[in-house]
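Have a look at the structure that comes next, please.
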Amino acid sequence: ATWTGGDDLPTNPLACDGTAAPAVAKPYDGGEPTNAPDRKGKPIKVVDVPKLIGIGYFNATSKGIADAAKELGNVEAKTDGPTQANIDQQISFIDNYITSGVDGILFAANDPVAIAPVLKKALAAGINVVGYDANSEPNARQWFVNQAEFNGIGKALVDNMAKEIGEDGSFAIVTSTFTTPNQARWISEMAAYQEKCHPKMKWLETVEAQEDNVLSFNQATTLINKHGADLKGIFGMTSVATPASAEAVTQAGQCGKVAVIGLATPNAMKPYVEKDCVKSVVLWNPVDLGYAAMQVLRATADGDLKAGATSVKAGKLGELQVINGSEILLGAPYTFTKENIKDFDF
Amino acid sequence: MSASLSTAPRAAPAMRPWKRIAAYGQEFILLGAILALCIVVGIVNPRFLGANNLTNIFAGNAYIAVAAIGMSLVIISGHIDVAVGSLIGVLATVSGLLAVNGYPIWLAWLAPIVIGVIVNAGVGSLVAYLRIPSIVVTLGMLSILKGGLISITSGAWITNLPENYLIAQFRLFGIPSPVWFMVILTALVALWMRYSAFGRTIYAIGGNVEAARVAGIRVERSTVLVFAIHGAFAGIAAVLFATQLQVIQSTVPPNLELTVITASVVGGVSILGGTGTVIGSTLAAILFAAIASSLIFLNVSAYWLRSVQGLLILITVLADMARRRRLR
Amino acid sequence: MTANFRSLLRHETILAVLLVLVLGALATQSDRFFTTANLLNQGRLMAEVGLVALVMTFVIVTGGIDLSVGSILGLTAILLGVFWQNLGMPLPVAMVLAIIAGGIGGLVNGLIITRFKVPPLIATLATLALYRGLAEGISQARSVRGYPEWFYVLGQGDVWGVPTQLWILGALVIVAGVILGLTTFGRATYATGANETGARFSGIGVDRAKLLIYTASGLVAGLAGVIFVSRVSTTRSDMGTGLELDVITAVVLGGTSIFGGRGTIIGTVLGLILMQALKNGLALSGVKGDGTIVVIGLVLILAIVASNIFSRDGEG
Amino acid sequence: MQPILALDGVSKSFAGVHALKNVSFDVRPGEVHALMGENGAGKSTLIKVMAGVHAPDSGEIHVNGDTVRFTSPREARAAGIATVYQELLLFPELSVAENIFLGHAPRTTMNALDWTKMRNEARRLLDDLDSHDLDVDARVGSLSVANRQRVEIAKALSQDARVLIMDEPTAALADADARRLMDVVRRLRDRGVAIVYVSHRMPEIFALATRVTVLRDGSYVGTSDIGDITEADLVSMMVGRPVDQLYPKANVDIGAPVIELRNVGFRDEVEDISFTIRAGEIVGIAGLIGSGRTELALTIFGITPATSGEILLDGKPIAITSPKQARDLGIAYVPEDRGLQGLIKSQTIRENLSLPLLDRISTATIVNRAKESALARELIKRFGVRARGPEQRVKQLSGGNQQKVVLAKWVATEPRVLIMDEPTRGIDVGAKAEIHALMSRLAAQGLAILMISSELPEVLGMSDRVLVMNNGRIVAEFDRAHATPDSVGTAMMKSETLAEVA
């Protein structure tokens, strides 16, 4: 099955053996706040507007942001946002915070283009703007903290799947919706990487399941019923779809026969990993992501992180690399397994 | 012959069989649609009719069917509840939190039902005694419950649920418990609606409130009761929802209220009140699960999935309208 | 203004008083609330909901409802992009055609409702899924971006210092207010909502009126879609999701009876402003999004309770 | 004998309208106490006080000598009071049997509803009313007004009440049905039930009542034994002046044909209808319930457009496909069900009156409020509508006054053809005479009038020509000279006897 979702951006599959592609030096392409006051060392007010509030993932990033703010001591941070992942509402929230007069805005965009005008407005108001998790157009913010590059995620997921179901196994994907930018990019990269490095694997199909527990479970169950023994593995593309797929496999009595690999938070996956139904879960640590984003924002406000920098100090995370001109890489995606999953609580 | 028509008119003393069937027409249309779907998809891909998949179709939307029972009562009584999705989200979270925090399992099962009854009795009181249209009250409740849930839990996952709490995963004679809940509750409520005085009262209130009042029916009290019963079903649905997986995400399931209302109205419950049965809404919930499943089996591109669903709903409704016209 | 002139006026008075109280309270909470820039900006943000709410007032006054407006908005947004980029039409033509497509969506609703006598709630519940599905199917999850600069004047620009779309909203408020309050068509709308059979027997073209209203609802949702695209510079098939709830909340808050036969444009406008003021003002006073929706829920219920208690005018 | 139900000095007002002022009334077991008065005199209000719908502002209610306070209709029912309301209060989606027994249905030992018993009892009650043709399983929403009225009566009878209150039970019934109902009422009276009876039909009052009480403008006028009073006395007690002529049919020069039907039919409900009405002519249609008179009117008016035949207006064939078009062609229809079809009850009198002529009082579609109000005030005066003013809501008017509003709004359209379906249903004698006089005047101005009425005297008294309908067809035609109660009655009945034979 050819993946037609997402955008028309080019894919950039990593090398099969993992040798890092030579970093192409790219000039800084982020924006600049106009007439930003000197904030160096001064207390600042920061608002974090994730895609939506009230889900576990952004709860975790929000925690990281709060941790960093506490550690820094001179930041007053709060998280606020729409109750559904809706571009319109997210824009209104940011707009309101621009009006209320904050010093910094952290965001995770529901849509990279739709959010750009309001972010530019923030920059124009002298506000420091840093994104994380989901990017906007580069010139609408100063920096973007990239949890893991799309092609890196694609490689990690597909490699793990190939390891479990073999080079000629067939798999299906359960995602939220075809229009969710991150998921769409990941799937694109997965498709490209799989074609390049695991050409014999068979991609059966991709189904949508919103961010809905029971729907994800039903869709995954239907996939199992439809393909029977042909289905060797399921990718869950969201932190909702992955545990629900694992549950579907468990309840169908297919543990060990159908592999589940996906992006998910450790807490939701513990029952399945502990029972050996799921061997590996790929994710970065969202608490770290929030933490890094906050550190980057502080560094930007202080003037320590400027255009052209190649790295930034991010508190306990140490030195983080600048890539792609104006992005800061959190690190390679992390793979949780039975051995280490107990150590995480988010 | 022409003369005899005038005084021994069209209607015979006893209901004619076809009229009896037509009176349950929507149920037959839905049943037909489910069977047709099964046959067509079964021919294309016999695995569709495999025991596992049929189980999934029946169990998949069982909690929606259970919630739709309560919703049907509310709609038959002439009201509506657009907050049911949020309520189920809240109740599922409450249930899960009780279960992981060491409270007895039975309490984790019972509490959502009791809280559902209390909350919706409150809603019903606003509707009945303060005469606020139910859509207004529940539109407000939708915001309140959803916002409140987020404020309190931030959507954290609830994990480490005790094994014996997961009632939706129990099976009896190989059939998952949600199916039992759905079938038994539907049958009980259908009988109750047909034979109990209160059941008929609900139809009467929905049909003509003023007439019900002068017929000596305590309209206000009955309205509160209908909402309370609906709350109980929302509570049961919430428990089934919460225990389907081994983890609970403490959020409001997206668009759940629309799905539940759609099941009720596609099931033949008149949005104007006064008519319909709960059998129809349960069949509609099963039909939705069957549609979702068959679209995957038929390899319908997920891009067109929703339009196909919308179209199928429209066709069912139009078929119902055509039937009603013939009945007249 | 017709129907229950006195009672409506009273609901609106109560709402206006409430609005003044809320505005006052919010102004004391944040000195950034009552600034021209903020107020105009809020006008920009509420334009799409506002436009749709105006026609929704007509729809609800006839005793109907249109749940498909959010989906129509999404569909027209997608069509705008497809017409312009994929079919290569000039943008102004694409805009007009997209709006017309919205109108056709509304017309289909109207036909299902009038010709086949399907209750509006069910009909538009089905087309809610259908139109959103079409948007998804047509877009294939692609978004269209990179519109010419002039196009953004509609959604991001100003005319004489006031956001462009606020002019459009203002003009339509007047048009809708005049039509509903003063014209024969408005009378037909009220009569239809209060007693459809009675209206038909009085020689009112009930079906024609409903067709027109549902078509207008689609057209305006289409217009809102185009404005929305211009405001956010991109198209997505999930645009306008949940719009219907905001719209209905504003209309109902404005005193329009969900049972039909009662309601005014002034009420809707007041309801709209109250909602937007709460969202904005509470955010500026430091209340978070989840708290805000709780407050809006409470205000909705309390406003209707208050008007029920104070504006009983012996109509029983 | 002690009264079983008595009201003592009861007053009730609605938002400034004194509907009842210090009224006393009582009823004893085994009597029929008639309550009389003009439209809006307060009869229905008095009844609603007795039935527990309205709580009186002052005054007392006694049941068997004990003072009671009814806070809901439920309590009145529990006290043995059953009521047939003027406005039918039924559940359209439920069956006839259920409508009859809702609230007091027979139960099985399991406390479930006993459907068998319910249907049997319902059958028995309807048979008592000679309504053998009414199916107990039929959906009430599908019944004609008359049949609904029968259901409503059966509902009241099913309660085995000690007091039975009937507010214009015969208004929607044809003479034959009315007579059957009166038989039932007599039987109940003889069984010792106390009956309160409201009707605008004088003959019924004299045939049934033991005593009669008259209200005027909400005040008590007097009570009298029926034997001590003449019809004329009663009328002048009610109206405050004598009514000279109930059927003031003027002799008008009949002009050219205005409307002509040729073999018109709608599905199988009305078939093969042909007749002509000329300017100045009043054509009456008589027939039993369900004979298709209303269907015929609906077809002419475009509600159910004709499926066969043709209609000519001024000799030109026209296709009427909607009421709007019919109205624009100058056809007016005063419908049979005023609550549903005739009025927008939640709106004001002004809005109701102007609804069919909005185009005429608007410039560039903007409604001219001044003109509208003037028109409303004039019509209220001309038709003697008893109301606070044009801004009063129609639902607050008494039944008869509502009927006048319907008449007024259609006459104001200045139609060429006026179809009136039961035009004086529920109208008091005085007003009835006025409406008949109005009909005469309109005919004299050259209108073609088609009048459907279940009151044979009215048909005979007002028509130039009488058509008798049966089973959707015209079965007989009489000119004024030959239309007698006997001849028309026989034509109506003949088919019925045929049916019984068949």
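Going in written order, the chains are labelled A, B, C and D, and every chain counts its residues from 1.
Operating definition for what follows: contacts are C-beta pairs under 8 Å (C-beta built on N, C-alpha and C of every residue); 3 or more make two chains touch, one makes a residue touch a chain.
Everything quoted here is computed from the prediction, not taken from an experiment.
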Using each chain's Cα centroid, which is most distant from the centroid of chain B?
D
Based only on mean CA positions, could you tell me how far chain B sits from chain D in angstrom?
42
Taking the mean of the CA coordinates per chain, how far is chain B from chain C in Å?
29
Taking each chain's centre as the mean position of its Cα atoms, how many Å separate chain A from chain D?
73
Could you state the distance in Å from the CA-based centre of chain A to that of chain B?
36
Specify, in ascending order, the residues of chain A that touch 2 or more different other chains.
53-54, 83-84, 178
So chain B residues touching two or more other chains come to 146-147, 150, 270, 303, 305
What are the residue numbers in chain C that touch two or more other chains?
136, 139-141, 288-290, 293
Spell out all pairs of chains that touch, sorted by label.
A-B, A-C, B-C, B-D, C-D
Using the touch definition from the top, list the residues of chain C that touch chain D in their complex.
2-5, 178, 182-188, 190-191, 194-195, 197-205, 261-262, 313-316
For chain D, which residues count as touching chain B in their complex?
51, 53, 72-74, 77-78, 83, 85, 89-94, 98, 102-105, 107, 111-113, 115, 123, 133-138, 142, 155, 288, 290-291, 470-471, 473, 495-496, 498-500, 502
Mind listing the chain B positions that touch chain C in their complex?
82, 126, 130-133, 135-137, 139-144, 146-148, 150-151, 258, 261-262, 265-266, 270-272, 301, 303-311, 313-314, 317-318, 321, 325
Considering the complex alone, what residue numbers of chain C touch chain A?
30, 32, 35, 37-38, 41, 45, 48, 136, 139-143, 145, 156, 228, 231-234, 236-242, 279-280, 283-284, 286, 288-290, 293
Which residues of chain D touch chain C in the complex?
14-15, 301, 303, 322-324, 326-328, 333, 335, 340-347, 351, 354-356, 358-359, 362, 365-367, 391, 393, 395-396, 409
